[in-house]
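First subunit A sits with subunit B, and in the next complex the same chain sits with subunit C.
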Partner chain A sequence: MERSWQRWLIRFGVFIVMAIICVPGLWIVMTAFRDNVEVMARPPVWIPERWTLDNFRAILGLSDSQQGIPVIRYFMNSVIISVTSTVLAVLIGMMGGYAFARYRFKGKNVAFLWLMLSRTVPGISLSLPVFMIWSRVGLIDTDFGVILVYLALNIPFTIWLIDGFFRQIPLSLSEAAQVDGCTRWQAFWKIEFPLAKSGIASAGIFAFLTSWNEFALASQLTRTTASKTLPVGLMDFTAQFTVDWTGMCAMAVIIIVPALILTFIVQKHLIAGLTFGGVKG
Partner chain B sequence: MAEVRLEKLVKSYGKVGVVHGIDLTIAHNEFVVLVGPSGCGKSTTLRMIAGLEEISGGTISIGDRVVNDLAPRERNISMVFQNYALYPHMTVKENLGFSLKIAKQDTATIEKRVAEAAEILGLTPLLERTPGELSGGQRQRVAMGRAIVRHPDVFLFDEPLSNLDAKLRGQMRVEIKKLHQKVKTTIVYVTHDQVEAMTLADRIVIMKDGHIEQVGTPAEVFEQPKNTFVASFIGSPPMNLLDATVSTDAGRKVAKLSDGVTLALPAAAAEKVKDGQAVTVGFRAEAFSPVGYGLYGDNEVATVKRTIILPEPLGTETLLYTELGGKEVQGKMLNPRFVKPGEQMTFHLDLSRLHVFDRASGKSVLV
Partner chain C sequence: MRFFRSRLSPPILLLMPAFVIIVLVVAVPLLFSLYTSFTGYRLVKPDSLWQWVGLRNYQRLLSDVDFWWAFGRTLVFLTVALNLELVLGLGIALLIDKLTAGQRVIRTIMMFPMMFSPILVGFQFKYIFNDNVGLVNNAIQSLGWENVTIPWLVNPITANLAILMAEVWMSTPIFAILLLAGLMAMPRDPIEAAKVDGCNPWQVFRHITLPYLMPFVYIAMAIRSLDVARAYDMVKIMTNGGPAGRTELLWTLIARTGYQDARMGMANAMSYASILLSVYFTVYFFRKLAAARRTMGGVE
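Let's look at the complex of A and B:
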């Protein structure tokens, strides 16, 4: 039996860890709703004295005091880039993962190893070479250019994750379906896909969050409203001598909320997925 | 008519041969069991019939169609897998009806056939459950149900009982036998368990290393094994096999064991052997019993006095481990009394039930 003081100690430890993780996030959210004056106050004002939506009005260009930032435009760019790259990464991940899990072919292990090795290269180290190539072929400042880079980042990961899920599904299920009258294609869609769904959802959310939050590469490859994503847009709040912290935080909230909502929606799958839960014949 | 015919069937993975030219004809509505130790190619053969494994050589025909290049779904077969392979995300009902749904049968037909199959297998109360909520035996029945709703030409069973505990296995064995009586269909059944093979089969096919060793009814393979492999594989306990040399004694051919015991050979075998030939003689435990505890009738017997190494009481009979010809052998005591290890007993060996194999080839001298 745990003693009660042990339990309290554990709770306290958990609290400290959670505080370290959560406080910056909470700080961002609170700053988004506070007055500009409070931001720089010493000693800091922890809880805003007056909650305001002025910051959101300002960045959306709804107030007269300040020129707006093309948030809607950035948001649309982010959505287009993240959704497209996620959908493609999941589709290709499904095909690749299935192939690695189910088929025997020459060079399979080497190919898989290379895919994994590509993950060991820090993305940022690729930014200069990618920038140079993209500028030659005219992909700088295009959605397509960013999508392509994100695909390259995400595909090895989605293949690896989805491969693991297909491996969990006994081969005999697909065989049973084929004996039951399915083509291999039907067996995949009717049996294996539904069973790997949670894994595919997990891969999807990871790929989406990677694309949605990525800053380093996007900041190199995007230039204007034509392709700038939300995280890159945050830099619009820094001027030569000042940083508009409240505006930046308000925009950060706009970035966080969709990701949070999406994560909640697929949470059920995510948990089932991450624990590689119950596929039993 | 769904006769299954295998002709010169070969399977190899690269250079490694798994099945080396099998010829076998399975008659319409016949229950054939492929049995053998693991790695003998029995499952591979079954999977080739199912179309789940490519054929490296030879032909397979079902009915009058050569099915070599047909996909599993085009062969009108159904299969019960070792791990059941039930679809975990579907209810029992959906599992049973899946093949019919794929075949685009109308809902009424599906309902009717599913209800029929569920009735036969006693699954009616379980239709709304998912496989995860079923016990091993119930899953097994669902797997069989899924096979029978389709009214296939051929049923294939791939070690369907090996995941069940001993008691359940016994029950399911009976159910499968009953099922075959109700739903007359050609069945090919793979197992490594010779008891299953003996109890279920119309004919047994004993395989080893990708070859067929013997094909016959359970009685044939039990009574007239063609070689020492079949003799030792079929029957429990396995047949006692002892090295011996043939000689002639008082005008009769006898086999002399390494410990000097001589056994007069049955007439049929005696004709086929020469003096000095190295042979292996075999007898089953039930042909070797203590005096007064066996069934000999008027058969000629050899009498030996032996020390019991270990008695193994099984209720209606006791297995007696003793030593003969320099090897441990097993005898059987019917309606047994209590026996202590170390006890001396006089045994009768029924000579009419002696099997004689050529030692070099391992083949029965009668073949």
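Let's look at the complex of A and C:
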């Protein structure tokens, strides 16, 4: 009897936690599909009475009533910047991770420490000098300028993750392949790469999420539609005293959906990635 | 090509691209910013970049009340947030570990806040705590106090609590997911043996479960410490340091000094304080992680 009572208590506790995690996001999603009048309504309307796509039409510039914000441009910029910096960061991370996992060399620990420390520099602190230098060399407000910075943000973490995965693959496997006539290059692609795939995938996801979601640096290094990303574009909705709530919620949905889809596809690898393969997902 | 082959070993070649980029984007700019912190550089007066003022920026900083308030607030904020995230994450992990079904679904739901952009989390809580249209005030009014509108983000105390809540909402699930992974991987034999020997649940937790989980705690802390400054995004959109600078963190103060007031020299001096703070947190947790791995051996 007591055990079933306990079980319900646990379920109730989990339910409360899940509610706290889900309700803020659901509230945003509901507002995105809500009529603007309902937001201000007294008494409050909890569940939208009429679901509408008007907010999306408005921010995409498809309705006549309101001037649109170039969301599609921002979206394209975000995709270009995030995908490019992720692909490059994973490639460079694989090279670096392999070097740290498979070779002994002088200054290895020091190199690793400095690599990690470079990642801890707060975005806003890094943005000051990068802003000054980029504006002198003409990289301000270009995709390339942002990609370069995001590469530097992502490389240390991808190296850290991928190094952890390569280390768990016994050296004897690739040695055996080399004895059988593979070159080291072939042994890497045929033995080590397939085994480390889930680690590489999770490194890629983290790199993508970092680039997709970054704000502090992008808000200073981008100026116009030429390179503004979605998180920076979100600030377009706040004027000094007014906030376009429904528009901002619609924009929020546009930002979160790609990240959500991607994460659910590879979620199995994510936990293995976070614990450096020590625990299977 | 032959020159490179003979001079550079494979690991150096493999690490070359990573280091070139880090040097270009992080090391060189930081050296430049170190230089700038010794000048009176203002964005509006380009010539002032060459105006060497020695330690004046740092001297002013030491006697700047606003800076010390922001610095102290940042320190308190980080300490409270990290501890709260750890305790709540541990609680949630233990709770979910006891569930008999649906663990996978729940773990997936918990990944939700991880995907959110910090700026989005800030916006979300700005909306929820808004005095006119926010969820919290709506709920209070629906419960019967119809004339109550609490200005959450205007009152300094509740504004700080709202920011703390946004931060905790975003990061607690990472702790919960990692600790849950640890709990699930934990061998059951020692627990059974301890129970047979007469340990009560608290003793089992304190002497068997918790030590086993410590490496996972430090992994979570180490990952978290790499990115402490993202609270900047949340504060920026929620209160922008207001009301009257009462939610100003070190990072928002840097942005205000550098970009709004255009006092780049001063801002760079401040940003060195913030960098040292971040480095301290990171080194501390990476050391703990390394030590925990050494004692645990197998967990990695």
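In this section, the second predicted complex is superposed on the first by the 264 of 281 C-alpha atoms of A that agree within 3 Å, B and C clash if a C-alpha of one lies under 4 Å from a C-alpha of the other, contacts with A are read in each partner's own complex, and residues count from 1 in each chain.
As a convention for this text, contacts are C-beta pairs under 8 Å (C-beta built on N, C-alpha and C of every residue); 3 or more make two chains touch, one makes a residue touch a chain.
On a predicted model such as this, the values are computed, not experimentally measured, just so you know.
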{"item": "Clash or fit (per the criteria above) of subunit B with subunit C on subunit A", "value": "fit"}
{"item": "Partner chain in contact with A:Ile140 - subunit B first, subunit C second, else both or neither", "value": "neither"}
{"item": "Partner chain in contact with A:Pro170 - subunit B first, subunit C second, else both or neither", "value": "first"}
{"item": "Which superposed partner A:Gln186 touches (first subunit B, second subunit C, both, neither)", "value": "first"}
{"item": "Contacts of A:Val17 with subunit B and subunit C, given as first, second, both or neither", "value": "second"}
{"item": "Subunit B versus subunit C as contact partner of A:Leu195, first or second or both or neither", "value": "first"}
{"item": "Vertex subunit A, arms to subunit B and subunit C (CA centres, degrees, nearest 10)", "value": "90"}
{"item": "Touching partner for A:Pro129 - first (subunit B), second (subunit C), both, neither", "value": "second"}
{"item": "Partner, of subunit C and subunit B, that touches more residues belonging to subunit A", "value": "C"}
{"item": "Touching partner for A:Ala101 - first (subunit B), second (subunit C), both, neither", "value": "neither"}
{"item": "Partner chain in contact with A:Ala32 - subunit B first, subunit C second, else both or neither", "value": "neither"}
{"item": "Minimal inter-chain CA distance - subunit C and subunit B, angstrom", "value": "15"}
{"item": "Residues on subunit A lying within both footprints (that of subunit B and that of subunit C)", "value": "278-281"}
{"item": "Subunit C-facing residues of subunit A, complex", "value": "7, 10-11, 13-14, 17-18, 20-25, 27-28, 31, 39-40, 42-44, 46, 92-93, 95-96, 98-100, 102-103, 105, 108, 111, 115-126, 128-130, 132-133, 148-149, 151-152, 155-157, 159, 164, 168, 209, 212-216, 220, 231, 234-235, 238, 243, 245, 248-249, 252, 255-256, 259-260, 263-264, 267, 270-271, 274-281"}
{"item": "Residues of subunit B touching subunit A in the complex", "value": "50-52, 71-73, 77-79, 81-89, 98-99, 102-103, 131-132, 139, 146, 150"}
{"item": "Residues on subunit A engaged by subunit B in the complex (per definition of touch)", "value": "170, 172-173, 175-183, 186, 190-191, 194-195, 278-281"}
{"item": "Interface residues, subunit C side, partner subunit A - complex", "value": "9-12, 14-15, 17-19, 21-22, 24-30, 32-33, 36, 92, 95-96, 98-100, 106-120, 123-128, 132-133, 135, 138, 141-142, 146, 169, 173-174, 177-178, 181-182, 184-185, 216, 219, 223, 225-226, 228-230, 232-233, 236-237, 251, 254-255, 258-259, 264, 267-268, 271-272, 274-275, 278-279, 281-283, 286, 299-300"}
